[in-house]
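Each chain gets a letter, A, B, C and D, in the order it is written, and its residues are counted from 1.
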Amino acid sequence: MDYEAVLEEVAAFVRPLVGRGQVARYIPALACVDANAFGIAVADVDGGVYGVGDWQTPFSVQSISKAFSLALVLAEGGDMIWERVGTEPSGNPFNSLVQLEYENGIPRNPFINAGALVVTDRLQTLTGDAGAATLELMRAESGNRDVRFDLEVAASEGDNGDRNAALAYFMASYGNLDNDVPTVLDHYFRQCSIEMNCRDLALAGGFLARHGLRADGTRLLPRREAKQVNAVMLTCGTYDAAGDFAYRVGLPGKSGVGGGIVAVVPGRCTICVWSPALDPRGNSVAGVAALDHFTSLTGLSVF
Amino acid sequence: MDYEAVLEEVAAFVRPLVGRGQVARYIPALACVDANAFGIAVADVDGGVYGVGDWQTPFSVQSISKAFSLALVLAEGGDMIWERVGTEPSGNPFNSLVQLEYENGIPRNPFINAGALVVTDRLQTLTGDAGAATLELMRAESGNRDVRFDLEVAASEGDNGDRNAALAYFMASYGNLDNDVPTVLDHYFRQCSIEMNCRDLALAGGFLARHGLRADGTRLLPRREAKQVNAVMLTCGTYDAAGDFAYRVGLPGKSGVGGGIVAVVPGRCTICVWSPALDPRGNSVAGVAALDHFTSLTGLSVF
Amino acid sequence: MDYEAVLEEVAAFVRPLVGRGQVARYIPALACVDANAFGIAVADVDGGVYGVGDWQTPFSVQSISKAFSLALVLAEGGDMIWERVGTEPSGNPFNSLVQLEYENGIPRNPFINAGALVVTDRLQTLTGDAGAATLELMRAESGNRDVRFDLEVAASEGDNGDRNAALAYFMASYGNLDNDVPTVLDHYFRQCSIEMNCRDLALAGGFLARHGLRADGTRLLPRREAKQVNAVMLTCGTYDAAGDFAYRVGLPGKSGVGGGIVAVVPGRCTICVWSPALDPRGNSVAGVAALDHFTSLTGLSVF
Amino acid sequence: MDYEAVLEEVAAFVRPLVGRGQVARYIPALACVDANAFGIAVADVDGGVYGVGDWQTPFSVQSISKAFSLALVLAEGGDMIWERVGTEPSGNPFNSLVQLEYENGIPRNPFINAGALVVTDRLQTLTGDAGAATLELMRAESGNRDVRFDLEVAASEGDNGDRNAALAYFMASYGNLDNDVPTVLDHYFRQCSIEMNCRDLALAGGFLARHGLRADGTRLLPRREAKQVNAVMLTCGTYDAAGDFAYRVGLPGKSGVGGGIVAVVPGRCTICVWSPALDPRGNSVAGVAALDHFTSLTGLSVF
């Protein structure tokens, strides 16, 4: 497939949508990003990588990091994590605390904030440094040793992190955290602050398209666990819009409030799109539209 | 692929699980079904159909009919239905009424009972006889003119249908039903009462594997709408276990409390499995396990 | 106490508030009431009755009737009713259905609609004609044989009663109704449609100030049950504003969307105020203010 | 009234219930209290104080302190507090976090934990030392300078305070705390750890029976605010059992998990009862029964 031609057509198609929506404003470092940026890259399973637009401009990965820390936890610790976090969509506009209370401190899935905190806690226990472990995976898979934390973003998240602190203490009250709350929060915020561009993220997510194989051909995840990560991305990866994303795009995907989305065509390729202006549910407006058009053009939906 | 050999292996593998769980007991006609029945059939997109076990024994399709009435509504009325029902997983163990109240009478998706009532209401408006329209689709696609309503089951559902009546009146209070409540309930109960066997259901669901094409080669649904039905089946088709089903099986699927499940491998085949004993979330224990093993053996997951 | 002078002062004080708020518009018969009406009456325990303003103009009692049907159920059937309905405030802006689902069909208290339907169902079982029993109590205690149903209002309630039908069917699904749903709804709507004026309602509620004794000196309720009705009125009698009503007025009270409120000073008197314009929580704006000022002037709060 | 004779009769009546229920076990210092203790004291508005049983044994006041810190905030800062905390019963078995999320960080009332944290925060702002201010009020009104914090209990609460930390951070995320979270928690835990006996607590609560006047005749609260505290105690003072308490006892009351309850007969007296074994809703079994019997014997209910 001529990915470059497809990406050009996608970029032209979504151009009128770029800048529509709202850039995340809850921390200063995100609020000053250019709302009109747009980049998209595809990394195929054979190592080829293609991109258009601002595909080499770094942005804050935010929640996209959750798919990677989940993969690491499954790789290092196996599926015991599923006793502490579920695999069901949250399906709740009043998410997080309400559901957490109904379900006794077990988050619905690893991609809502509460679930990601549990995953971070487990990764901290398994590795002794959850933030560094996630960063190292990103660097190794993208082949870019310059991928780094944005510590200003991490600090700013901490300063505005009362709700995440509430979630963490709440789960601690149910005994669902092993490490102390400030440590878990610190690693969680650092992992969310990782800066990468579309190219590097598409490459880094390649193991999800290769059924668990890393860029160097060694195995990160058993095939079964790689399928699980994709399944959870499809049902839970785009906040309270997962059903809509499945319906429009039809691919496993994980979005972040930095405006990035990583999507996977199992066996074929990984796509990363970035455009900072978000819809009310926190997903990139132009990013979702680009993936929708990409699957229409290529017929690469899983459905 | 040698489907018969695969199905034999699947049947042998799940044999120890057959009968585990509880047969649905809320109406007498369902309660007396043999808990130890097990059948499975595959219909490939070319018209071949294969089966093992009790694959030719009729059972009550129940909620599986919801995927068919949704397809009819999309075929007849286009996607206006999505203004009256969402596409998001309900994600709520206290489902239905709670969520309906938060969201002002708009059900989360077409496969929870409230959403299916809206779909039935719309189908009634479009066709004048929602029950007959669904039955006719089943007959035409399966090629079996003997497929029929079980009117005893339908009457029994009505006698035990206070909660569905509550849902319907509640949506009516938000103006989200066009027909009068007793009519909608009547057609809903009739459609759920359809009796079919695995063979006929696998054939009937073939259009979902053929991207919208009927058995006779004419188009029931545009490709885009066929993809939508599959996406909604994956994210919402198995009650509050859709995430778990996606994670284990990795296929679009729709289950019913009669113990049946229809699953789709887009572009390849449709599978129907039946075993009446249910897990606590209302899905067939042996049925889910069979589909899980089927995808493991064949690698036919979408992920 | 010179009640007439007090009532004159109260009426003058609240005059600027009369007409503020919104008249109930969900049925035509209520929507056309004069928003600027205001009347107040006091019936002391010795039989004296005093009033000012529109105290002799009949209005629709609506939910005020719930206190009377509850009293009748306690009088006829004793406190078995408390196994089918609670005594706790609902405290939930998303009331009724949500709470009912969490609590398995047991309404939180007898004054939310769900609870009143259970009380009506019980009264129907006890008397064979719940509506007539409530009407007869109103006539006997007020001494006015002309008190009557407004059957146009009752019919109109029925036409707009989808939500009450939903509540009733929902409770039926939990086995918490003995009579069939349409019968219960019919008696419920009739009882709500009773037309009375402030004078008659203040007299009719006199047994709550006389610790259970009727106007003719016979006992309607044991002292303990009379205290219970007053307690439930205080904690649950004014929709989701019971805490605010207790805090401002400090008396047991029951309001209706017709704009009436009956309040009780145990051992002293019963007050009925009426002014049709409602606050967003469904209580008469001028009515609550009048009772607030009445207790300030007289010191007759229970606190 | 011969309070001593009444109290003797009450004590004899409830004797069979003493020890029924469960002593609070969430912190060690509370778990080792003698479940069979029982004491009751009455302080009349003229300064007389009467008691029977273990009425001079100190216990942990826990949530009873919330009525006193609320009174101080109203005394020092007026009713601006009602912009940050409501006056409605929580009415929710899944209390605290759920409701807090629905209502954007405004707790329903000052006696649920979230509300008490807001009150403590405000008292801290007003006085610079919320814990000390509450302690000083207790000492002054009881006339016992030996009333003290139990710092072991306070520390133990802190060690087990993850859920309160979650509540506090959650409200901070809505901007509803002025002081930093650890400071607010520290003062909150200290205030809850105050040790007093029935005699001292009955005396300390005397201002609520005297419409706001302190033991020395000076005014702590305007009459209107004193009435407000009593009203909120009646509708919200006994956790999710306020309706039941109003219905059975019919007095404003505030309970604590240490097993104490303070109840008020406005204009007459204040009662404090203590027995550590609790019902499932967190109120003293023998304590509630004693107050129920007390009001039956004396007719001193507000209803």
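Throughout what follows, a residue touches a chain if its C-beta (ideal position, glycine included) is under 8 Å from a C-beta of that chain, and two chains touch if they have at least 3 such contacts.
None of these values were measured; they are calculated from a predicted model.
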_Shortest chain-hopping distance from chain A out to chain C_ = 2
*Rounded to the nearest whole Å, what is the centre-to-centre distance of chain C and chain D, using the mean of the C-alpha atoms as each centre?*
32
*asked:* From the mean C-alpha coordinate of chain B to that of chain D, what's the distance rounded to whole Å?
replied: 55
_Please tell me the distance, in whole Å, between the geometric centres of chain A and chain D computed from their C-alpha atoms._
47
_Where chain B touches two or more other chains, by residue_ = 94, 102
_What's the complete list of touching chain pairs for this entry?_
A-B, A-D, B-C, C-D
*Interface residues, chain D side, partner chain C - complex*: 86-94, 99, 102-103, 108-109, 224, 226-228, 230-232, 234-236, 240-244, 246-247, 250, 252, 266, 296, 301-303
*Could you pull out which chain B residues touch chain C in their complex?*
94, 96-98, 100-102, 162-163, 165-170, 172-173, 181
